[in-house]
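For clarity, chains are labelled A, B, C and D in written order, and residue numbers in each chain start from 1.
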């Protein structure tokens, strides 16, 4: 950690900082420049809290050298983590497409989607049973009935399933049914839930919050990893921005940016990010071209009558077209598309 | 609701929209303009879901006329809601200052702060017992011991208390100790928690999420109100922005903006918003000048040694100076400053 | 235009709005709903200024039906505009890669880049002669000498050239040398400059400002089109956001979003958007997958010694690798890659 | 400057960095930590360009110690700069209110506003003659006729005048008429214009761009200062954000934040920031409470018929009410309100 003192900082203030660094077991290194005194702290930086120095008298700024996450970092683990979920691999050079309706609405709806998306090349089946809705007056999901349908129909088509855990009190229930547990963007900093998920033995799909930086997302992953669960799939799904013709601003540069910083696989959800059906396909293709390990696409047999997020759900036919372009792009960038049916080469 | 059709929309597409409006029990009104066909839906708009129309073929855009929240709106309740918490009133022409440390750390720390802030004019005592920390390796709060200290010392100085509920599983515990339950910014869209808080009989301090619009904040308040708890204090605490020399961008225009839209009282937390001690005092004064009903200030007897958020906590002396300017500004804008000791005139 | 009156609006206020609509030559249509009175204005909406109604007593909100740009819209011109610059086509199903150094620094530097990028498949040569630098103490470009080098070396390799006009007083000079004139992001709302460029006979590359919405970008294009110059290439180059590990947040969804709204071609500049060499290649590929008509890449023979923007410039070798992946992706999404040498199949 | 090497950086890469620091005339200081090698550059940091190091092989990040602006910094000039414009002082403990219409529309309009605002306590008269309008089809200002009216009526009421220079080609004209020249938010990084303004002998009001950081605003001020003009008034006028019920997000914390970093006076424009008349008064009061040295308020005798920005302009009566609260708040925070008539106590 580097501590820059104000130009008018007194010697006593410098001594105070030096003293605290020593107290914490590190070695201070003081450098008197022409304009500023700079103090380096040599040793295990994780013993220092930057904010405790930032508040000291005479300190201008504190610059940590190390990232505050460890287990999630490339420094800790240089090789890509590859998640295995049933026959599907996510990470490294493996790319999986996750498809399904925003909300599970009925057995027929889900089966139609599962069949169509699997045939088109999707590897995993998604569907919401507990829905976080902005309005208390909106459809809130089918609950356990939705989970059961998801498990049964996923099994029927050989597709491992992904669904969201909205509340820690639902955790035991959701674990019984789903293969991958999703943490929604609004829960990305629900630290108690993250710690709970760190103690279970299923992969976690962790979505980036709309106001979360890359570092904050990785700190949230660290909560899960630090409790022992090392199977985390990160997911970019749009950040808040000033443009209002799309729901969020999809930050696709987060894909290679995260991949440089972490060994964990990185997915993209273009459906929630854009909120517009006409933008989902180009953004899904772009995500693959950018190197994503997973792409999540909302598909509904009749989007105009969907109980949630209709405007962003693709029809099965549109999904099929999407996959016809996605597969060759995956090949160009060296990704093996995971499918349930036959190799896509 | 107004539905604007695309310029090239077919008659069959217009008929489809008209048919759905009728199915939902409203009266459609079609207007063929020079460039666009426009369809109005006359009747109870809350029966329509804008998104279900937005996804229909031939629709260009859907413009709701009504807000999606009701109980929180000025239309529903024109008069200001005034919360009463023990002897303290918040809302209307009453302004309360909430002070206390970021985290409750020890009996002595909390008592020093309570005494100093009450003497300077604070009406309520705040302090965190369960802390949402970005890093799993940071201090997470004293838990129940912190709650007990808060209740006891609040009682000692006649200050009602405010503390955060981080997880629905802590709710029963926190209710037993605190007078006002706070929902942190990261939980603003934890809809299950909001619904739970709607069923209790204590005021709720609801913080705006860093990526939440004014409407989304009011929809979150609606979750609480719709379950029966009408005592909600909204709180602006900074939104995400591109400026990095402050932690967040404090959106003070949210104060009059919210007050125009809702009857609920509106507070401001300049400590978390700025993250910088030197900005807390001017922003607290600005909040009062803008018409806030509550101001939350973090105060610590020795901020340099605080276990969390040191750089933004004021010393008791700085808090005293703040109050010496805050009180006359409150008077200028017609607010009665609530105090525990003697009227501030 | 739809005008929604406040729930408590008086009849006289409604009459005032109705009267003004009539005064402006449109036909008012008043609809008294259960909760609100709504007034439609039927006729040529461009005669109304929404803001003049928004400020009237009793008005809650004003909702325009039409976009405020015309010539730039798909409604005005359904077919894609294809720009022709020498032998190169941009727009429709044609994709051109623009490559070159951030700043023209020397004859040798520019020739090395031109040869290497043309051989790798770039169609146009870019290079800055007048540089907008945040700091007055930074390198400001070679000026006319840079323009001359650009023209000569572009000619040598058969590459039409692109360079930025920073100030209207340079316009006559730049026109003499360059084939496409670029308006930088910081000048996107320099309306006088836009109008000047609307009166010349060369294509304009118009970059999106970092705080500009899609609509604002199209309004700026409208300034150029409305003066008679119909050859405009729009360019997404990152918007301001809260993430600080990249320079801006590249909004790739702007590509299909713009293409739905306008007939003008849309390009992407991943170099300035990310500011990081390691992100340029994945973002360039993603841009093509998203359907971009042009991609601008900064290339420098020795980026570590570049006089500006070193960290984001690719080496010629890295550019060659980029093109090896870009070409087949262009083919998948149906774009014909424009090259100077031989077809890229 | 501190350069942090990647954990796997080779010795040759460290040597390369060390060599370049020496070449540039500074003294390198290498520190081998447990996880990273860190290189400090001791000497005049302004000789180094951070970006040239950021692009070097093996470098993880570059952390400048010094700000990139000098003349604008508190380090350079610890005492507040106070601008004198005729009898009016801006800066230090002096606060001036600038009032007037968005656009100068007619002699009568301007005279009505000037009289009313001067009587209510405004010190300076503002009015636009060249208007930057988003749409080419909107009113663009009266041009020189507007400048003449502004000068004449300002003179009549003893109010120095403020108006915007939109284009460097108008500079000679505007100088002849106005007392303070305004650089609009969209021109904040029009560096050529800034340099031109640095060579004239009139104070400059420099507005913050909607996507500009505090540092970027100060770098733009530096352009003016570095050419010799030391009279610059900075002005916060809202930054881009995700909230759409206000035009921009007014960042009031910029006031004390800037005042900590620079000696230049800092003003606030709540009219353009909010775009809503009902928010202008609370935000103007808040700006003064936050310590602003100037507040700019748009006033129009009949805002509903204004040719630009009607919804945000106050009536003369509303302005009078604003001043009745503003004056005592100025007193509380130790600001002397500059007036043309009589002391406001």
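By definition in this document, a residue touches a chain if its C-beta (ideal position, glycine included) is under 8 Å from a C-beta of that chain, and two chains touch if they have at least 3 such contacts.
Worth saying up front: this structure is predicted, and the values here are computed from it rather than measured.
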item: Mutual neighbours - chains that touch chain B and chain D alike; value: A, C
item: Longest centre-to-centre distance from chain A, chain (CA-based); value: D
item: Centroid distance [mean C-alpha coordinates] between chain C and chain B, Å; value: 39
item: Chain A-chain B separation of Cα centroids, rounded to whole Å; value: 27
item: Whole-Å separation of chain centres (CA-atom averages), chain A against chain C; value: 31
item: Contacts with two or more other chains, residues of chain B listed in rising order; value: 211, 239-242, 244
item: List of chain C residues in touch with chain A within their complex; value: 211, 213-215, 239-246, 249-257, 260, 273-274, 276, 278-279, 282-283, 285-291, 325, 328-329, 332-333
item: Sites on chain C touched by chain B in the complex; value: 2, 4, 7, 29, 31, 33-36, 38, 40, 42-45, 63, 65-66, 75, 240-242, 244
item: In the complex, chain A residues that touch chain B; value: 46, 49, 51-52, 54-57, 68-69, 132-138, 166-169, 186-187, 189-193, 195, 209-211, 216, 219, 222-223, 226-227, 239-240, 277, 303-306, 308-313
